[in-house]
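Before anything else, here is the set of structures, which you'll find just below.
Presented sequentially are two complexes of subunit A, the first with subunit B as partner and the second with subunit C.
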Partner chain A sequence: MNNSALHILLADDDEDDRLFFKEAIDEIKVKTIVTLLNDGVQLMLYLNQPDVVLPNVVFLDLNMPKKGGMQCLKEIRSNSKLKDLSIAIYSTSASEHDIEETFVKGANIYIKKPNDFGELKKILAEVININWQYHTSGLNKENFLLSI
Partner chain B sequence: MKLQIKYDINTACKVIMQENLDRIGIPYELTGLGEIEIKGILSTGQYTDLEESIKKYGISIISDPKNGVAQKIKDVIIEMVYLEDKLPSSNISDYIADKMNLSYGYIANVFSEITYTSIGNFIIIQRIEYSKQLIVEGVLSLTEIAWKLNYSSVAHLSNQFKKTTGLTPSAFQRIINKRKDADFKAVQTQQKLSTSN
Partner chain C sequence: MKRKIVKLSIPYLLTTLILSIFLLVFSAAITYKQFLELTKAEKRVVQSHKVILTAQELLSTVKDAETAQRGYLLTRDTIFLVPYKDAITYSAKIITDFKKLVGNNPEKQKAIDTLDFLIHKRFDIIAASIFKKDIELPLFSVDKKSMLSRKDLVDKIRSKTNEIIKNEKMQLKIRESEHREEVHLSPLTFLYTSLFALSIFVIAFFKIKSDLFHLKLANNQLLINKRLFEHSENISNICNWCWNLEANHLTFSNNIHYMLRCEKYDFKQTVEGFSKFVHPDDQHIITNGVKEALEIYKTAIVYYRVIRKDGVICYFKSESKVIQDNFHKNIMIGVISDISEQHHNNAILEEKLFDLERTNKELLAFNHVASHDLQEPLRKIQNFISRLDANEMESLSENGRTYFSRIKVAANRMQLLIDDLLAFSRANKAEKVYELKDLNILLKISIQELAQSIEEKYATINTSALPSLNVIPFQIQQLFINIISNAIKYSKANVAPVITISSEIICGKDIIKSSFTSENKLHKITISDNGIGFDEEYAEDIFILFNRLHSDTEYYGTGIGLTICRKIVENHNGYITAEGIPNVGSRFNIYLPMTE
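What follows is the complex of A and B.
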């Protein structure tokens, strides 16, 4: 059982969203290390550093300038070094078709972006908690799908 | 070509530990779920050696006794869900307390303190994990899976599955199958490319 902290990374171009995210995560009981990045280009540079300590979970905003969440997801899933990353996608769409497509392309978690901060905190707490269980209990990540 | 494999985590872990302890050359006894009694004392060098060589298998030595208790509870639950074929339908708390030889109140407290979740919730996670594995294997129908995991009905399993994952079992199965198809096509394309070169 690994009891060190859960390393979380967020790529989001909106500064307010990054702050809300950090604030929400800080209130969760699970020990976490949070890295915030501004877009998909920064994210891929970060993940491809030769001696990088990879995060356990990456939160991706779908709509980012330069490189969007879907493009990042595709690049991450075609790189065998990054196969153990759990990928959480933030989206405003709640269509079942979009959700399924995102999962098929390799996402593990699909988050319908909530409108208020209270709801965001609740959702992130649940997502982090289930990731912690995957991190510490050897659950099979290939079967890890969560739509929330 | 793809091989479907079946595995028993407990046996795998036992063999890995035996091989490594034998290699280091210290007398020991495997005393049960996730516990090894070392006859004598490990030198710091031997301890680090053991710790390092089992790390690549995802096995680590637990130092805080509460972590040990929490890990043992997990093992009891996993064994209960996976190996005994049927969950005890009556009192699960008595079953766990009995296996641990500790009071349930103490067990429940330590568990939630260390794992950030409750025993009840952890059992649900493990049962859904097992049902996912069985769905992916594709041998049993959902009705048979519900029966095997001691759910009162298919609806009960489906509801718990949906509540835990946000997806219905059939949507889950569809996604996993589509992923496999996509992988298969990618491999085929690669093969075509390499033969045409």
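What follows is the complex of A and C.
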């Protein structure tokens, strides 16, 4: 594995969203490795592989069949091996309820899927460039929801 | 008040009674005592007279004896000796009677003894002279010396007698004066006492009369109250009962007959008599209620059904408790009310509540559909549009590009609609968390969010100090945003919008148009602009969902914004009105209750 490349993982059941995500990442001038998974079950299987190299950031959709993002978040945070993963919620919904709950459950940032491709690119660039160490320590509810 | 008067009179009357009895006994005692005194005094007077008479009699007896002596000495006829002998016998008897008469008075006894001695001496001398004469004695041979001694003796007797009489007369005089005094005093005392007692009786009579009058008044009031009570029981469909637990005597007020739609003879005033009307399934409730009231000594409330005489099932509520009457006897009292109507209304309310909950659930489901399921495809459409816009425009024909821009506008409009609907459903949602917030800060945030359009339209916003209130912060922000963005949107072409926000405190009753009639103070926040305004007749319509005054081609909008505003203000127990003058401007008045 190339050390300088950023390892990014997306769990999203929507094919179009996965496509937009991949295209936007590709257009950002950062060296990345992108893993795309279709649902929560696949995500947990992937993360629980014994010899897995953990991704730098996990983008997690909330509304997925089989196993939703909320459930995955819960499992990740209660797993000693995975609990330090950086998790960005990546959802169509921006309801107060979802934001509140994911924050409480320990997500690092909340991204509302944008309507515009250009905006998507901007947001992803922003997230990728975040110094996670710093962001996590200064985490609070005001900057939890990312807005560009 | 009247009860108090009656109550106070009882000790008063008792005192009067005791006082009168005392006075009567007192006056009787005095009269009796004085009568005794009087009798005694009279006796003494009589005695004194007797003493005087006796003394005089004694003296005259002595004189009789002397006369007899003289007669004998002169005539020597023994016939004269008869009165002499009689006098001796009589005087002895008189002396004995005399001694008895004066009683234990030693002074008088002594005087009588002296008198007795003198008389005996005199009689002895007489006797001596008579018997001497029997032997031989010349008629006038009496020597002068013995004659003088005899005269002296007689004088002594006379003076002694006179002394006794004088003493007795003096005593009599004193007694008579005492007697007079007593005879004079007794009726006076008796008269005064009687008068006093009489006046007390008169006062007591008037007092009792006035008490009786008050009692009568109180009785009358009681009667009126009873009628009133019966009337109100009848109107409010309640009745009361009272159960003397010791005597096991139960009484119901008259309205029970009406409540059970039965005649007096249908209803027996006993526990069993009432239970007869209670629904068979609810009998145990009555039993338990009675038990509860007896045990806890607090008001026990039970609900149960009764079957009226006309067969209708009614819902009754009984509140009962045990109290102690004035004689410290336990009695259970209670009120029965017919709550069938409330019960019926409650059922309707419950049904409505159920409907409301269902509607709410549907609304939440709609919220979810709008927020997620509808947005999802739209977002993708917009994403694809932006992809096409960025990369593929050159390969489209002129027509294609026009159609494409139309698609873009339609998609944006749909986005706006969904966002507004979401905001509306959020404003409707029940989660109302109020915080004390400075409205100046909320307004500032709202203005910041509108910074872009303010800049584009060169809008000026004048603000003045706003109060701090208990509000749902994000909703108030939304309220400001909606009204200010409206003011910017509906501005006149080529005239930079000027928006003025001000606040004042007013009285609730000053708002004629609204439902506020309370005296409570309110904050009135006014947001006015110099825009295109609107016709006054639409002042209410603009708040109705999806109602718009302008077409999309003129002014772009969804017709939801002001509906949200009204909803938000209502969430804060407030009221919003709009005023407009075409081509001059519009003004929104927000009334919010003051935070206590």
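Heads up, the rule we're going with is that the second predicted complex is superposed on the first by the 124 of 148 C-alpha atoms of A that agree within 3 Å, B and C clash if a C-alpha of one lies under 4 Å from a C-alpha of the other, contacts with A are read in each partner's own complex, and residues count from 1 in each chain.
Everything that follows uses one rule, which is that a residue touches a chain if its C-beta (ideal position, glycine included) is under 8 Å from a C-beta of that chain, and two chains touch if they have at least 3 such contacts.
The structure presented is a predicted model; accordingly, all values stated were derived computationally and were not measured.
In the superposed model, A:F103 makes contact with subunit B only, not with subunit C. After overlaying the two complexes on the shared chain, residue contacts for A:I33 are found with neither subunit B nor subunit C.
Within the superposed three-chain model, A:L146 lies in touch with subunit B and out of touch with subunit C [touch as defined at top]. With both complexes superposed, B is the one of subunit B and subunit C in contact with more subunit A residues.
Of the two partner chains, subunit C is the only one that A:S93 touches; subunit B does not reach it.
By the touch criterion defined above, A:L54 reaches neither subunit B nor subunit C.
When the two complexes are overlaid on their common chain A, residue A:N63 makes contact with subunit C while staying clear of subunit B. Contacts of A:N129 after superposition: subunit B is touched, whereas subunit C is not reached.
Subunit C contributes residues 371-372, 375-376, 378-380, 382-383, 386-387, 390, 415 to its touches with subunit A in the complex.
Within the complex formed with subunit C, the subunit A residues making contact are 14, 16-17, 20, 63, 92-95, 113-118, 120. Interface residues of subunit B facing subunit A in the complex, by the touch rule stated above, are 9, 58, 60, 62, 64, 67, 70-71, 74, 114-117, 122, 125, 129, 132-133, 136, 165-167, 171-172, 174-176, 178-179, 182. Residues of subunit A touching subunit B in their complex: 1-3, 29-30, 96, 100, 103-104, 106, 110, 129-130, 132-133, 136-140, 143, 145-148.
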